[in-house]
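Both complexes shown next keep chain A, but they swap its partner, so chain B is in the first and chain C is in the second.
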Partner chain A sequence: MNPAHQAQLEAALQQVTGFIYPNEAELHWSILVVIYPYITGLVAGAFILASLEKVFKVKDLQPTYRLALLTALAFVFVAPIPLQAHLGHPERAFEIFLTPNPSSAMAMFGFVYAWYLMVVLLLEIWFEFREDMVRWRQQSRGLKKLFYWLISLGSRDVSPGAVAFDHKAVYAITILGIPSAFLLHGYVGFIFGSVKANPFWSSVLMPIVFLFSAIVSGISLVLILYYITTLLRRKTLDQKCLNALAAFLFYALIIDLSLESLDFIHRLYESEESIEILAELIFSKLFISLAIVQILLGTIGPLLLLAFALFTGLPNELKRLAFFIAAIFVQVGIFSTRWNVVIGGQLFSKSFRGLTAYKLELGGQEGLLTALGLLILPFIILYVLLKLFPPWDDARTDTKPTEG
Partner chain B sequence: MSKTYERREFLADLVKFPCATLLLGVSGPIKALASAGNEYQASEHNYAMGVQIEKCIGCGKCVEACKIENDVPMEPYYFRTWVERYIIYTDGEVSVDSPNGGINGFPPVESDKDILRTFFVPKLCNHCENPPCVQVCPVGATFKSQDGVVLVDDDYCIGCRYCIQACPYGARFLDPRTHTAGKCTFCYHRITEGLLPACVEICPTQARIFGELDKLSTPLNRMMRQSNIQVLKAHMNTEPKVFYSDLDGEVR
Partner chain C sequence: MKSGKIPNQVLQVGFVFLLVGTSMILVRQHFIPESFGELGHYRADAVGVIASHEIQFAGWQACMECHEDQVAAKNNSFHRTLSCETCHGAAAEHASGEAEEDPPLPTGRALCLTCHRYLVSRPTGFPQIIEELHEPAKLCHTCHDPHDPTPSERPESCSGCHAAIARVKAVSHHAPLDCEVCHEVAPEHFLRPRSNIPRKPFERAFCGNCHAAGVDTPANFRGVDLTAFEVPKVDQDTHGGTLLCWQCHYQHSPEAR
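Now for the complex of A and B:
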């Protein structure tokens, strides 16, 4: 038995208010399980943003299309790691694939994930970049040449017919991809929303709330990345593109806020057995992370800032800065949304008579450092992806006109 | 008792059909077959427990017996069974406690306020007929046995803890030694041998009654016929198989 863990449980027991079932001293889903929906949300959101450009022909978003795809890919690689790491027996995780229990929402994770990664993201990116990969291979030598040859699966055909086929394939996969992205994250919401034992989680709205917060987080992340990468590359930001991103972010935030409010009002109005303990939870343990960070700083603040920047005659330079700041606050807000759902949902007793506590450790398998590492990892992967598959228009071959 | 009956029946059949006996030949195989009929048949049972609230004195012996019998970690965060004390004051306030699961009994009530009523509620896994823990387990490590007992396969559990989240009763914990889910098994190793669960056996007031749900002439069924029976959180539709007599509405 791990003495540090026992000491932690003892400390948690000291902070209990009211009555909890004796087995509830331990909080079971830690910060790693917060990171999991945060990351899958970013994946789904970034992908949906990319689809806007492809399927709905929002041409203004073209500069971010490929960046959004690679962002989704970088994050999707990391998505299963926190899940795996929090298991008591990570080495048995493959049992989920071998003998899944069909009635378990969690058992479907592997399949949803594999479908999304293999069939949707990888295929779409492959077709999108195929022509470039062929040309990059021609232009490079040595190991790099071999790499592009392998990754393009040896394809060489860049005739107009082949390229047209690529475009058609990308279009078709995107159409398949939109419901898949909805599935990926809506499903994560279902994992929580279907737990009837937990009144804080149990809600049919949960998958939809998750989905829209995912869209919000994806758009804001791509906005941040586009802003930073463009400045780092000393290129000029495309104002039209930024405006479009900010506008989509604004509308998605409004839908997100409306859904959350609906959920809140619904609970308040129905006023079920659990309402008292949930109110106590929100006004004590979750007040800062929910009322202040998630709602005020993460939603209302950015909404006002975006509205101000979008609908007043602000000079472009200030506008861009306002978009950027709003997007950063949205990210913080979304992270606390995930925190409030996952951790908040475990801070009250199922006897509805008391509250427990969660103390985040610094080190250890489920500590803050591991969490930070997992949050940084996708950016490292993204950096490598951006080096290998530069998504910028100017990196594309000059022999053909650039278009989405 | 059903086991001896089967065995007797089998032997009687052998007498009735001497040819079969002859065919079987030597007595060795007969013995083997006879004892095979003695094996535990899960499908012939449907276990449940009755708890008589008015009989429980909160001594906590069941909690202790359970921990010892089932090698449950002694630390105060892991319980297969525990006892809660409810104190309902005249002003309507309800106070509940379960210090260390009630394993050492309960301290005297400190408050000066007037008390309306107090009582103890022993709790454990309800071996739900419709168990959410089984529904959510991604690998099927948690399962319902044919005799109605909900069990965890330690060699299979991946320690994802989804079942702990899904149980509305706080009946599960993660065993810190095996990193797998732990819970009450109705002392499966005992009941399959025809013994009673440890908590039932040790209870000095016989507040706990264990038995077959589908057989009429058992103490459990007598209790269920003669008392006002409730289950915990009936609205969850888990169909618990731990039945309480005269359970107070305050108990959750």
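Now for the complex of A and C:
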């Protein structure tokens, strides 16, 4: 055995309690597989937030609509990278498109992803930004002009009729996009929920729980981004918009907590043979990440903070700060949720008689640094997108493009 | 805005989708192997590629032609599901008469331990040994015939499997006692040890047969005359409270705590 692997295995074996099978000491799904559902959840959540404005006509959320779309796009670009880094051989990913295997849920991810990226996100953003792209092309020179020409596919028609058609197209795509976003993240939950051999994962509630935690994470991320970008641009925060974001975050958190509790109570009531090892897992290995970080800091804390800020006569400055802090804690909590599902689900033996441990490496292909890099990457992409396609209202109202 | 009845932007986007779709079809035609899907979700030509590999294994029927006795013995033994080449290695060259050397005769313990080393996940009743305890100095085939591994007779002594215990007991005050003095051992234990576990003493009174104050050392305790030995006596009513004897004394070396 490779000495590095042996040292790793020995370190893991010291943390083993009870009896485990020989192939369970080392975890197969690492932190990169934690990041994958985390990022995918942010994509779906941000898109669903955007659809609230477009389809459900929540006008208060208008300032965050375009930001939410670009956030979803920046994160969806990164979504498959953790998987490819984890599996290695990224060039083989293309083969699932060449010879699709409909009987494998994992192999179908490429199609779910491609549908969501190509047919939903890119199309909606293209129609939403088309009029602006025409204007930006007219206002810029050189390479930038060429870029906008290419990206707008040579479009020049900004007549009221064409713009009205854009709006209709955006509306239609958003309606199509809601079930697609549900599909995207519901799919991730489905993958875990359908692992029959793992009682921690195997639950029909899994896709629904994943979906609502995705909505929670998406709303809180857009809230954080809206807060920071507006402050960096030295503009005024729209209090109505922040109130609406916080209110939706609050309601989504309540639904998320209810679903998680339902899942928990259902498992307790069923009390299948795995319940004892799962209880031991939760009270030993996962106590900090589940009870403290996910439930207390990531759910109950933000719920109380949001309720206090929303329903008391707090001054607006304090309200905004409370929303921001709550959103940060929600992000930490949601990351912890993904950690608890992916890592927690591999910490107990299938013999139900022992627990193992996960040792996170610092470097290497599946280490902490790679994970941090993959978490930072979407923000870099978002920065570029925000520079190329400013989503702010003031960037649209400068001058109207001329027709032709 | 319109070209005919279709808006321009739909044509532009449609063109891109058409381009992507067409290139996907062309790429598929180029990259998907022709025989893919003929037999299943794989390249059917791969079967031919695999079949063209040089044959390494001869199969036990080929061995049968010259080694009839050994193959027949193996096929009637617990090793019947193993192929000859599992232990002797790939022997196609040997069977065709082209090999310069005979197939190897595995003589070490390592090969047997691949299957028979004790592992908790192996099924109960499957013969497994702890290599450090099971006749550590001997080679497997000195006691077991690999072509018919079923022991024809029971192991000569318990130390065959319980060597560590036997070594400790041999230098203890309990050395004169046979294992069966304290353990009731069913004859089946020697053939299927894990399905027929020997009984152990389970109460203080058992040790009291020899060690209780006021009890004469038995002259015939399960066939052993113990009167020649100096047997320590304790008042079992007061000694050790409610503890069982073996909670303080290790029965295979009873002077130790």
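Operating definition for what follows: the second predicted complex is superposed on the first by the 389 of 404 C-alpha atoms of A that agree within 3 Å, B and C clash if a C-alpha of one lies under 4 Å from a C-alpha of the other, contacts with A are read in each partner's own complex, and residues count from 1 in each chain.
Keep this in mind: a contact is a pair of C-beta atoms (placed from the backbone, for glycine too) under 8 Å apart; a residue touches a chain by one contact, two chains touch by 3 or more.
Here the structure is a predicted model, which means the values were calculated and not measured.
Engineer: Tell me the contact category for A:92 with respect to chain B and chain C: first, second, both or neither.
Structural biologist: Touch partner of A:92: chain B, not chain C.
Engineer: Looking at A:198, would you say it contacts chain B, chain C, both, or neither? Reply first, second, both or neither.
Structural biologist: First partner only, chain B.
Engineer: A:313 contacts which: chain B (first), chain C (second), both, neither?
Structural biologist: It touches nothing on chain B or chain C.
Engineer: First (chain B), second (chain C), both or neither: which does A:142 touch?
Structural biologist: neither
Engineer: Under the stated touch criterion, which partner chain does A:159 make contact with: chain B (first), chain C (second), both, or neither?
Structural biologist: A:159: touches chain C, not chain B.
Engineer: Kindly classify A:5 by the partners it touches after superposition: chain B alone (first), chain C alone (second), both, or neither?
Structural biologist: After superposing on A, A:5 lies in contact with chain B but is clear of chain C.
Engineer: What is the contact status of A:101 with respect to chain B (first) and chain C (second): first, second, both, or neither?
Structural biologist: The answer is both, since A:101 touches chain B and chain C.
Engineer: Could you look at A:25 and tell me whether it touches chain B, chain C, both or neither (first, second, both, neither)?
Structural biologist: A:25: touches chain B, not chain C.
Engineer: Which parts of chain A are in contact with chain B and also with chain C?
Structural biologist: After superposing on chain A, chain A residues 19, 21-22, 99, 101 contact both chain B and chain C.
Engineer: State the interface residues of chain A toward chain B in the complex, per the touch definition above.
Structural biologist: Touch residues, chain A against chain B: 1-2, 5-6, 9, 13, 19-26, 28-29, 86-90, 92-93, 95-96, 99-101, 103-107, 109, 195-198, 346, 349-353.
Engineer: What residues of chain C sit close enough to touch chain A in their complex?
Structural biologist: Contact set of chain C toward chain A: 1-2, 7-10, 12-13, 15-17, 20, 24, 27-28, 31-32, 36-37, 41, 119-121.
Engineer: Over in the complex, which chain A residues touch chain C? Could you list them?
Structural biologist: By the definition above, chain A touches chain C via 19, 21-22, 97-99, 101, 118, 123, 126-127, 130, 153-155, 157, 159, 161-162, 165-166, 169.
Engineer: Hey, which residues of chain B end up touching chain A in the complex?
Structural biologist: Contacts found on chain B: 73, 75-79, 82, 84, 94-98, 100-101, 123, 132, 134-140, 156-162, 164-174, 176-180, 236, 252.
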